[in-house]
Every structure is written in structure tokens, then in C-alpha cells.
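For reference, chains read A, B and C in written order, and residue numbers begin at 1 within each chain.
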């Protein structure tokens, strides 16, 4: 267990692991202290996500480029996937959809913007490979379009409409997963040289031995699942206490917590003037959510959810996802960056966060008309 | 008639010409076998479009660059124009509009995506001239915006509104045709070197003698008109039989059938690593539909249609056209392509096709509210 | 006063200054001749805007790069700001919002398109620095997104909704002004070399002495304020006489009048094959409206307006602003231009103008449903 302990000693983020046992104890003693449990579970997920990410990379490093890349690409968003699965099982579809949309928006705006800002504060103008960035931005755009089509079919509230949405969601999910599989073939086999940067990101660190890495991967995944359960249970109550809407929690809080480990890598890359790495992580991670995590959740909702989940997002989320991917395309288009580009990208993110925070939560008693009005704004359907 | 027969012998696509007489016989014997007539007319239009395209190019090759370019540019979408005129004359405005929108979407997504895919399967990474591609993508974007403005003026169902839409449609049509004329001046006279690639596409083939080319042009146009009439008559019934919505038929079937000849050229260019040619055909053809075919149909609806046709599309078509042109801009932006780019562009097309196919057709008896709902989704107004 | 008189003698535009006293006399003799007063005030504002612009540049030239740049950036849209403030004070929020949206659309489409056209008529193909143009187009896009978010929150007509819109507008305004401040830091201090072109535009002309420049600045600002008051008062009546909607007046007339001086600089730059200058003025000016003028007006509405003004635009304006900034991004993306690019950009502008001109004005007596319908189209809320 030496490398694991060494890692923990050198990485202050991992000291937060202390909150994992604290959380389980608190859960047993005070099962109704929702706000406390919410805060503790957030603090516990962050270091677990970091460990998960490191374990995945260690396994990947040992198994050769192709299998390793496959693992990295599939398990890179494992934390988000486990949280979403827990919420799916609990039937909290609002939270699931908000966390999908939020992960795409947070990765493209917050991760990218903060990378540009942090990199730009240290380097006057940063250049990165336009070609790769554009290719990845195109993939992200197309992936996002994929999950947005059923939402364009928005107010289909009639019986025929909902059956249509369901059929379309299944068809699209299969199509998106096929595209994801072909994308892996593309990025790992036929054209891996275009994505070279991102793969070898952490290779400077010493990878763990295989046994340790696999054990950590399995053990931490179980821990994340257990912590997620407490998180999903407490989040509704805590949101009320903090005056946050469920949309805000899913969109902002879950996305930031779930992506903490990847963000650490992206930001460190930016500060080392390796923006290719940061852009690759941010856009690649967002594409993966759209092409893999979202359709898998739709298909799994038939197995583990109380009812089928569609790929239909509320209009506010659609607008935000579209703007986020358009921003990413525009901003990575020039192949150069400076701190103010980061400020503006972060501004768009802040505006989204402010809008979601201020948004009055949709109350049950409202008339149909009013609810459409506010749904239009940004609150997901119950 | 030797070159024509030679052409037919060497081009397996032209063997389908046998379906032309079969269609006319079937039409006389079984005028009510709509599904049969529909299939036969589709099979008959494809080779006729090919002949028309070859005849146009032969005339163009003989008449010098400028007049030839003018002919190529004006008659390049002659098949689409004749089909649309037949539908216009029959008062089937849904079909006309769906085929306009579908031709734009099919050319930008299917033709471009398939070119990238077919080219990418043979060549690792394909490079093409960014500058020209960007210029053409900009023209396409602006042309599409032009025909979309009145649709933004969507639910104008009041008397004032419909008068407004009509006036605006006429004004815009004139403006678009003027822009088209200036565009010809630009691409054939003042800046023809920027569009060099596309013009000399087929020059490798031996052009037909002038007499043969002109006779073929006239004769085949008449044949296309006759076949189109059967096609337009049978399409509604056939759609019901195959479970297809009129939107699907116009958007997908008519567009694929009408553009078959151009697609053959674009795909063959891509396989020969001449992506400039493929991109030029795909984007140029889509621009031409928006700037020339669509406004001509609006103006002609005052002469040959039972009532004026507006430039107003249903919201689903607007969204699809916008996404298609944005995709084309993004994807051609980098100047390089690989097979997976083609896959993703085709995926967007497949998603559109799936959405249109699954869409419940708008039934007559539905309430106003329900019909708005579904109109919003993608079914054109009756 | 020699340099001022010299300037007036050499610049035919300034001969229009004669209309300033004529306007004040007409206002005293015939206070009800609204159409006459409207025409006279338009003719009077154009030369005053020119003088204001020249005085600002003279002060800027004397005070060194940073302070000068700051002055130029802040007072560059002083005319628009003064007109909008006068309208704000009069409670004409429709006019204020239409003039904000119109200034963004006019600067990005008309100023850019006309620069491309005028430059292209003299030079075959014009090249300009892609990098700077893209950076500025990205800034403009992000700035526009900033002011569009509350409008996505469109039909929030409930009590909770309007309180939400108000809070969001204040929050966003503060955020936008902070971003504007950081943008000045960026363009004047840390990365001024990227914006080099635009700053030194007029340095060829002899700057005025400081005293004259400051006096002109103060005196002309007062004159603009006085003329604006007559303009705002007469515009409603005049619009009726000319059959123009208030949206058309604000969007097109005010924007063209207020931006006349900047347009003169941009067009002259384009003809001298200095497209970097033209693009910089057009995109920079539009960004400034979005990041500075709009939020300042929102915040000042609490001080000088009869009631708070939100950042919420009607859907037609939102669509037009989005299309305008997307067009600017696409068109400046390639770094080269020819006359037809200008034609197409101007065509989009003409289409917008035609739509706004033909739009039936929203009458008071209409039902709620009808008014929503037409609001959707392009008429601002009363």
C-alpha cells in the first residue's frame, strides 16, 4: 500500500479522504441532518474522484496504448456516471438530466475558461494546435446536437407525443453509443496521433502496480456509489436550506464535484503552457458525456429506473448547452488564448450560474400556463 | 446517338432508364397502384437526373467558361426545380417546402458527410483549401439566413400577419434572386479563380456534341416533368403505405432522388482525394437552392399555383436547416477531414431522418393547441 | 478656433452643422411640426457625432496611449449613449432597447458589410489579420450572449418572473461592466499590441489643441443632448407619418444616425485596404454597446428613469443580434474578403430592415394571444 499512502501524503486534495469515514458516521448518528450530510458528501466525493482518476490511469498505463486509452475514455467520467446512476435509481430524473447538461456546460465553459485564465496569468499569449482543437470542437458540437434533437421536440405533451419521444430517445441512444464506439476506434486506432497530447498527460507520475490500481478502482467505485446515495438523498433538502433550485444543484454543484479530478489535470496543464492537454481534457470529457454517459443512462433507465427516462431536456438547458458548445468552437478556433478570453468564457458560465440560482423554483400549484412560462426559463420538469 | 448509347453502356446507373417506359405503361394499366407507381417513378428519376446533369455539362463545355458556368449553376438543380414545380402546380405546398428544406439539409449533411466518409476510408487525412471552403460556407450560411427570416415570423396567424408574410416573402424573393445574380457575377466573372475546382469537375469525360446535348436536355426535362407528375400524385398514398410522413418524403426521399447525380460526382471526387470538388458541389448546390430555387418557386406560385406560397417554413425545418449550415461551417473550418468527421455529419443527418420518420403525422381532428404543439416539432402546416 | 473652422471647411459632413441652429429655431416656431423636427434633428446629430468623435480622438492623442485609449473606448459611443439616456429619461424603453439591439446589429452587419463592399470594389481580394479578427469576434459573441440571457427568460409575465428578471438584470449589468473594465485592462495594458490597428486610426490627422478639444467635447455633448431631446420627442409622431414602426426607427434610424462618424472612419479604412481597422471599429464598437452602454443604461434606469429597465429584449431582436454576431464570426473567420462577401452581409441587414419595416405595429386593442404572436415576430413590448 506504499504508493497509495505516498500519493495521499503528497497530494493535499486527498487529505479530504478523511471526510469519507466522517460522512458514514454522521449518516448513522444523524440521518436527518441533511445539510451536514450534503456538505460532507461533497467533500468526500472530490478526493474519491481523484483516486478513481489516478487508478484508471495506472491501469491504463500498464495495459498498453489501445486498451489503456479505452479504459481512460470509458472510466474518465466514472464519478459522474455513478452519481447519475444513483439518482436514476432514486427516480430523480431532474437531477440526472441537470447533471448531464451541467457536466457538458461546466466542462466546456468552466474547465476551458479557467484553463485559459490560469494559463494566461502566467503566459502572455498561449498557442495550441488549432487543427486538433477544431476537430475536437466539431465532435463536441455534433455530439451535443445529437442529444438535443428530442428536446427540440419539446412540448409534446399529448399521448402520441410522449410515445414518440420515448421511441426517439431509444433510437438516438443506440445511434450515439455506436458513434461513441466508432469515435474510440478513431481516436485510439486509426487516428490516435491526432489525440496524442491528452493520452500521455499524467505519464510523468509513477503509475501504481496493477494489483493496487485494480483494487483501488473497485474499492473506490463502491465508496463513490455509497457516498452518492447519501448525496442524492440529502441534496433536495440541502438545496432548500441554501435556497438553491434543483436545477442549480444538478447543473453547477454536481458537475463541479464530479469533474474536480479532471479539472485539476486541465488546470495544471494550462499553467505548464500545455494548453493542448487542457483543451483535450475539457472538450473530450464533454463529448464523452454527450455520446456515452447520457445514452447509457437512458437505456439503463429501462432496467434500474422506476420509469423510462427520455433524452428530452428543458429549453433553458438546451440553450445553455448550445451556447456552451458554440462558445467552445469559437474560442478554440483561433488557436491562441490570453487571460481575457478565459475571463469572458467564465463570464458566460457565471451568467448561467446566476440565472439558475435566481430562478424561482417551479411550485406545484401553478397553472399550466405559468408552468410553461417558467419551464421555458430553465427549471426542469419534475 | 452513339455517345449517348456509349454513356449508357458504361454507366450502370443509366440502366435504370428502363424504368421510364415501365412507369408510363404501369401508369396506363394500373393508375391506382400508387405504391408501385411511387417506387417506379423514384427509380426513373434517378437516371434522368444523371442524363440531365451530363447534358448540361456538355452544353456548358461547348459554350465557354462564363456562359457554361451560368448554365451549370442555373440548371444544376433542374431536377429539384421540375419536381418542385410539379408539386407547386398540384398545390402540394407542404411537399414543395419540405423538398426545399430537405435539399439544403441533404446536400450539406448527407452529401458532405458521405464524401468525408468515403474519402476518409481511402485516405488517412484529407486536406482541402480552407479559404474557398470557408467562403462557400459563409455564402451558404447567409443564403440560409435569407430564407429563414420569414419563418422566424412564425405563428402569424392573424389577417395582418399573413398579409405581412406574403409581402415579406415577395420582397425577400426578389432580394435573394438579386443576390444570386450578383453571386454568379462574382463566381463566374470577377473572382472565378476562387471557384476553379468545381467548374472543371467532369471535364475529363468527353462532352457530347452540341446537338445531342441540347436535344437530350430538352427531351429529358420533358420526361422528368412527366415522371414528376406521377411521382407527386402517388407520393401521398405511398407515404401512407410505407408509414412515412409527408415531411419525411419531401425532406429525405425527394432530396436524395433529386440530388443523386450531383452526389455521384461529389463522392467520386472524394475518393480521388479531390475534396475541394466535393465540398464545392455540396455547399454550392445547397446555396443555389436557397438563393435561386426557393425564391423562384415563391414568385412562380403567383403564376401557376392555386394560391401564393410564402417562404415560411415550419419550426422543425428551420432548426434543421440552421443546424445543417452551422455544421457545414464548423466542419469545413479546419480544412482537414478524416473518416470519423464523415460519420458524425452523417449521424446528424440520420438523427434528422429518424426524427422525421418517427414523427406522428398531424391529424385533421386535433385541437388547435395540439396542432401547434406538433407543428413545433416538425410537421409542416397543411 | 482656427483648427475647428479648418476642419469644418475641409469636411463636407460638417456643413450639416448648419442644421443645428435651424433645428432650435424650428423647435421654437413650430413645436408641433414633428416630421420636420425629426428630419432636422437627424441631420443635426450626424455632424455633431463627427465632431464628438474628432474631439475625443484629439484628447486621446494628447493624453498618452493608456488614458487616450480609455477615453476613446468609453466615449466612442457617446452619441448613442446620450440619445439612449434621453429616451430613458422620457421613459421610452422600447426605443432604448431597440437602439441598443440596433446598434449591435448595424455595427456588425451594415458597417462590416459596407466596409467589405467598398473595399472590395477597389481591391480584388483583401486580406486582414485573422487572429485579431477572431479574438474580437469571440469577444463580441460572448458580450452578446451576456445581454441575451435574460431574454431567453422571455415570457416571464408572472409576478415572480418579473422580480426575477429585475434581479438578474442588475446582477448581469454589474458582471458586464466588470468584464468591460477587465477588457480595457486587457486591450490597453496587458495586450494592447493585439489591438494596435484600431487605436492609431486617425493619427494621420492633426489633433486639436487640448483646450479646444475639451471645450468641443463638453459643448457638443450638451448640443447632442438638446438635439436628442427633440429627436426622441418627434420620433414617435414622425414614425407614424412615414409608416415606420418604433422598432424600425430604433433599430435602423437611430443606429445609423448615432454611428455615422464611426462608419465614416471604417469605410475610409476599407478603401485604403486597411480592413483590420474597419473590422476593429465595427466589432469593437458593437462589443462596447453590449458590455458597457447596455448595462449602464439598465443601472441608470433606477436613477433617472420612471421605472427600472430590464435587459430583456423581444424575441425578434434576440434572433437578429444572435444572427448578426454569428455572421460576423463566420465572415471574419477566413481573414479574407471580396466584394460579394460585403453584398451578402448587407443582404442580411436589408432583410432585417425589410422585416422591421413591413411588420404591422402592435395595436393596443389586440387580444393577448395575438399580441404574443406578433411580439414573437419583432415588435418590442410597449
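Note that a residue touches a chain if its C-beta (ideal position, glycine included) is under 8 Å from a C-beta of that chain, and two chains touch if they have at least 3 such contacts.
The chain lineup, named per UniProt: A, B, C = Ca(2+)/H(+) antiporter.
Quick caveat: nothing in here was measured; it's all calculated off a predicted structure.
Engineer: Does the chain-touch network form a line, ring, star, complete graph or other?
Structural biologist: complete
Engineer: For the two copies chain A and chain B, what is the rotation angle that overlays their Cα atoms, in steps of 5 degrees?
Structural biologist: 120
Engineer: Roughly how many whole angstrom separate the Cα centroids of chain B and chain C?
Structural biologist: Chain centres of chain B and chain C, defined by C-alpha means, are spaced 40 Å apart.
Engineer: Chain A: which residues touch two or more other chains?
Structural biologist: Residues 333 of chain A each touch two or more of the other chains.
Engineer: So in the complex, which bits of chain C are touching chain A?
Structural biologist: Against chain A, chain C makes touches at 130-131, 134-135, 137-139, 141-143, 145-146, 149-150, 152-158, 160-161, 164, 167-168, 171-172, 175-176, 179, 182-183, 185-187, 190-191, 194, 329, 333.
Engineer: Per the contact definition, I'd like the list of chain C residues that touch chain B in the complex.
Structural biologist: 124-125, 316, 319, 323, 326-327, 330-331, 333-334, 336, 338-341, 343-345, 347-348, 350-352, 354-355, 358-360, 370, 373-374, 376-378
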